[in-house]
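The structures considered in this document are given below.
Both complexes shown next keep subunit A, but they swap its partner, so subunit B is in the first and subunit C is in the second.
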Partner chain A sequence: MPEKILEVQNLKVCYETGRGCVKAVDDVSLTIFEGEAFCLVGETGCGKSTLALSIPRLLPPNSRVLDGRILFKGKDLLRVDDSELQRIRGKEMAIVFQNPMTSLNPAYRVGYQVAEVPVTHLGMSWDKALTSAVNQLSKVGIPDAGIRARDYPHVYSGGMKQRSMIAMMTTCKPSLLIADEPTTALDVTIQAQILKLLHSLRVEYGLTLLLITHNFGIVAEVCDRVGVMYSGKIVEVGEVTEIFDNPLHPYTRGLIECVASRRGSKARLNQIPGSLPNPLNLPSGCRFHPRCPYTTYLCMKEEPTMTEATSNHSVACHNYKAVG
Partner chain B sequence: MLTVRNLRKYFRFKRGLLSTVQYIRAVDDVSFSVDRGVTLGVVGESGSGKTTLGLTVLRLLEPTSGEIVFNGVDVAKLSKKGLKSFRRSTGIVFQDPYSSLNPRMRVKEILERPLKIHGIGSGEASLDSVSGVLEDVGLGEEHLMRYPHELSGGQQQRVAIARAIILKPQLVVLDEPTSSLDVSVQAQILNLLLDLQYRYVLTYIFITHDLLTARHVSDVIMVMYLGKVVELSRAHELFLNPRHPYTATLLSSIPLPDPKLKTRKRMEVVGEPPSLLNLPKGCRFHQRCPYATDKCRLEEPGFTRVGDDHLVACHYAHELSFEGFTLW
Partner chain C sequence: MTRLLEDLRKKAYSVYRSEEVKLLIRHRRGVVGLALLTIIVFMALTADLIAPRRFDEVDTALRLQPPSLKHLFGTDHLGRDVFSRIVYGARIALWVGILVVLVEAGIGVTLGLISGYYSGFLDKVISAFTDMLWAFPPIILALAIVTILGPGLTNVVIAVAVVSWAPYARIVRAKTQSLVSREFVMAARAIGESDLSIMFRYILPNTLVSIIVLATLTIPSAILYTTALSFLGFGAQPPTPDWGAMLNEGKDYIFGAPWNSIFPGVFITLTALSFNLLGDALRDVLDPKLRLR
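== the complex of A and B ==
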């Protein structure tokens, strides 16, 4: 059994809004093992990004962690002091965001921004760091890296910006890389290039990947294990082939079936009726029950807990035996 | 029903001290035709000109040159008055439903607007058609008095669709109608669009960057790259037997929702598309094409017919087969 690198236990995060406290992540537990690629998948507002951001403590000021622990290599990140946190971020754990346009500082040259990382974390001299930045940039596939390192971010294309973000985030060879929808803003051919790059970096550095996405295609392509989120909860966790071949939660099943697939055309897609629940007014019992074809009386009354269906597949559904 | 010939849309702009005039050739010599009740899928990456094409076909943008023949009339030459009756038989749905609905109008007013402009019905009669169309798109009377911000994204898109079809148009341009929606809502909207097409025999021009969606809804697919059509074929045939290297790489780039296909041998594409301001000579894809030869660098390819209704703009359309790759 590989080592646990990250363990999230009973995490609860809420946002203060004018109309009350919205629980974006509600009692979520999750374990990620060293070297694996774990995907969090779900629709808008399901809390996947909030969960990801809470790991390096990058949540916005109007949020509050109500409860829980985030153990990274045995240390509780929610309780370490700021200087320790600074040391971990960027060096042992790194994050790549959805929008590369806003992640880079427009006022500094790209090479400088990449070089800053080893200067800060490894105490490297600027001269050496700038040279290594060029190497790093060419490694992620920036053509003429020596020249392009002196460019400002605005002259880069979206794909190149995301490549340089990845270069920056992997200079210190972190053990965990969190990627929050890293390819959503990019075209398909560029997306395929970036996914391939992430894969080769994983192989080379042995890094663990936590990928957040809403695209089931990317899940299938990249991940070893998957966690499906709905309305602030993880509803199903399992190995990727298990999730696709034998989804046990009606929501997972619905999502997989409603993706336009390789099958025939112009047929009706299976659709999940209704829309996502309002986080200020969540349904009673199981949060998915108003949209679920398997709803029973129990689902309206009682919230299901995570149950282990097989050794590598857990689900939070009262009726998973009927679904599977 | 709709035939477009040699359509061009260039955007002119000036740059630099000497104000040299440059042109962005957003749509460059595009020809196609669509029959009644058929869906033409237009796919391509950003900057391929697919949105400009959609807008120009409806003359929401003035074409630089070319013909747009709709039911025997050249729309490109229509006067203002003639254009109004053309507008009545067309509709459009945009990507972002919220920004395409007036935030200060109620759903009822939004939907009555087209009726008023075209002087159709009034009072009771127009309310009847508004309720009718709302029901068609799966909304009810309770939504009539709401403002767009009180609706979910999926409901907003339903209103936008209702507005596009309230005049019973023949041609509807759908510009990425599901791209900003969540997966579970996307399926609902796609189903709705297919139902409406069946019921009212609508002709769709469906613009999307998502190839799986395009395959799902389209009868015919047109692949665009940097303002040019590179391949035009029946949807089924295109996916089964792509002949342009760009189409093949596009198909190969789709992340497929099936873990068993993770290790398929793909066709990869190098680099990124060049700037529209600085288009390469010859075939526009040659810098990224693994099969490019000197001919491709010098000579722009015309269309080669490789099968019934299957056109490819590649010098080597007959030779290339992409064997050994599992494209998708």
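== the complex of A and C ==
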């Protein structure tokens, strides 16, 4: 059994709004093992980005962590002091954001920004750091890295910016890389290149990947294990083949069926009826029950808990046997 | 490859700003501003050499002489050479203008960064203070401060700076607030930068353009404020050749001897203009996005 690198326990995060505290992440527990690629999937607003940002404590100021623990290599990140947190960020844990367009500091040259990380964390000299920055940039596939390192970010394309971000975040060889929808803002060919890059970096550095996405194609391509989120909760966790071949939660099943395929004629695309519930006014019992084709009386009354269906597959549904 | 690395390293250090310098040279209005400013700076630096007389040399036989070859800009009501006084006055104008702007930008930028970065209580306190200052007539407050500190140019500089940092605080605060939510600031946090480093290395450089533009706008007004205080007897004491004070002294003879007021006025305008042109050029050159590649 590989070692646990990240363990999220009963995390609850809420956002302060004028109409009360909106729970974006509600009692989520999650374990990620060293070296694996874990995917969080779910539709917009289900709390996957909030979960991702809460791990390095980068949540916006109007949010609050109500409860829970985030154990990273045995340390509770919610309770370490700021200097320790600054040491961990960038050195042991890194994060790549959704929008590469604004992720680089427009006032400095790209090479300088990449070089800065090892200078801060490893005490490397600027001379050496700039050399290694150029190496790192060419490793992530920036052509003529020695020349392009002198450019300012605004002359880079979106894909190049995302590559530089990845270069910046991986110069210190962190053990965990969180990628929050890293390809959403890029076009499809660049998506594939970025995913390939992430994969090769994983192989080379042995880093663990936590990938946030809403794209099942990416899940199938990249991941070892998948967690499906719905309305602030994780509803199903399992190995990627298990999830695709044998989805046990009606929501997961619905999501997979939504993916357009060329099979069949020009029939209407499947869809899940209804939309995400209002987090200020959640339905009783199981949050998915108003949209679920398998709803029973129990679903309206009682919230399901995570149960282990098989050894590598857990699901939070009362009727998973009927679904599977 | 090694040659490229070598090149990069060189670029990163010694000639890091060479591109900017080149661009500034190509900026026509910037060159005009720079040239004007160079002339004024040159006047200030070499005043002892180029001024035909001392600024306080009185010759009552030569009162209110019109401009001639002997007295390039004429003489004033005490028979002092106006050209010499203007040359010496360049020192005061530059010193005062730059010092005031440095002090007020220092106060305003620091407070603006803090209040924009740490939203909440601190922000409320600083903003309330800025608004109060903004609502108060600056010249009256400056007068009050000079009255407390006593007359003299240094005290005038302090007074003018203390009453006029509000625009810096406001602009930097607004800029900071919009930058804080940008992803590169979050990325900076994600690579383990401290708050101080984020404020001064990520946010400040990106507000620099606005600060420079604001500074060019406030140097002339700083010169005017100190001039006004000099006129009221709080600033430069006679016989200090303050351009503003000369302008005011000359106004009593404006019909008979207009050169007494015109030349100081022209030099105040030229100084202000040179800073403005240079500021515009710097804005164009320092903003990577406005730069043509």
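The rule is short, and it goes like this: the second predicted complex is superposed on the first by the 322 of 324 C-alpha atoms of A that agree within 3 Å, B and C clash if a C-alpha of one lies under 4 Å from a C-alpha of the other, contacts with A are read in each partner's own complex, and residues count from 1 in each chain.
Criterion: a contact is a pair of C-beta atoms (placed from the backbone, for glycine too) under 8 Å apart; a residue touches a chain by one contact, two chains touch by 3 or more.
Keep in mind it's a predicted model, so treat the numbers as computed, not measured.
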| item | value |
| --- | --- |
| Subunit A as common anchor, with subunit B and subunit C clashing or fitting | fit |
| Touched partner set for A:N215, first subunit B, second subunit C, both or neither | first |
| Touching partner for A:M165 - first (subunit B), second (subunit C), both, neither | second |
| First, second, both or neither for A:S311, with subunit B first and subunit C second | neither |
| First (subunit B), second (subunit C), both or neither touched by A:N281 | neither |
| Contacts of A:Q86 with subunit B and subunit C, given as first, second, both or neither | second |
| Closest Cα approach, subunit C to subunit B, once both complexes are overlaid on chain A (Å) | 8 |
| Residues on subunit A lying within both footprints (that of subunit B and that of subunit C) | none |
| Complex contacts: residues of subunit A adjacent to subunit C | 56, 58, 60-61, 82, 85-91, 94-95, 97-99, 102-109, 111-112, 116-117, 120-121, 126-127, 130-131, 134, 144, 146-147, 149-150, 152, 154-155, 165, 168-169 |
| In the complex with subunit B, residue positions of subunit A that touch it | 43-44, 143, 157, 159-160, 187-193, 195-196, 214-221, 240-241, 244, 254-256, 258-262, 265-266, 268-273, 275-276 |
| Touch list for subunit B against partner subunit A, complex | 45-46, 152, 154-155, 182-188, 190-191, 194, 209-213, 215-219, 235-236, 249-250, 252-262, 266, 268-269, 271-272, 328 |
| Residue numbers on subunit C that touch subunit A, as the complex places them | 1, 4-5, 7-9, 11-12, 119-120, 181-184, 186-194, 202, 205-206, 208, 288-289, 293 |
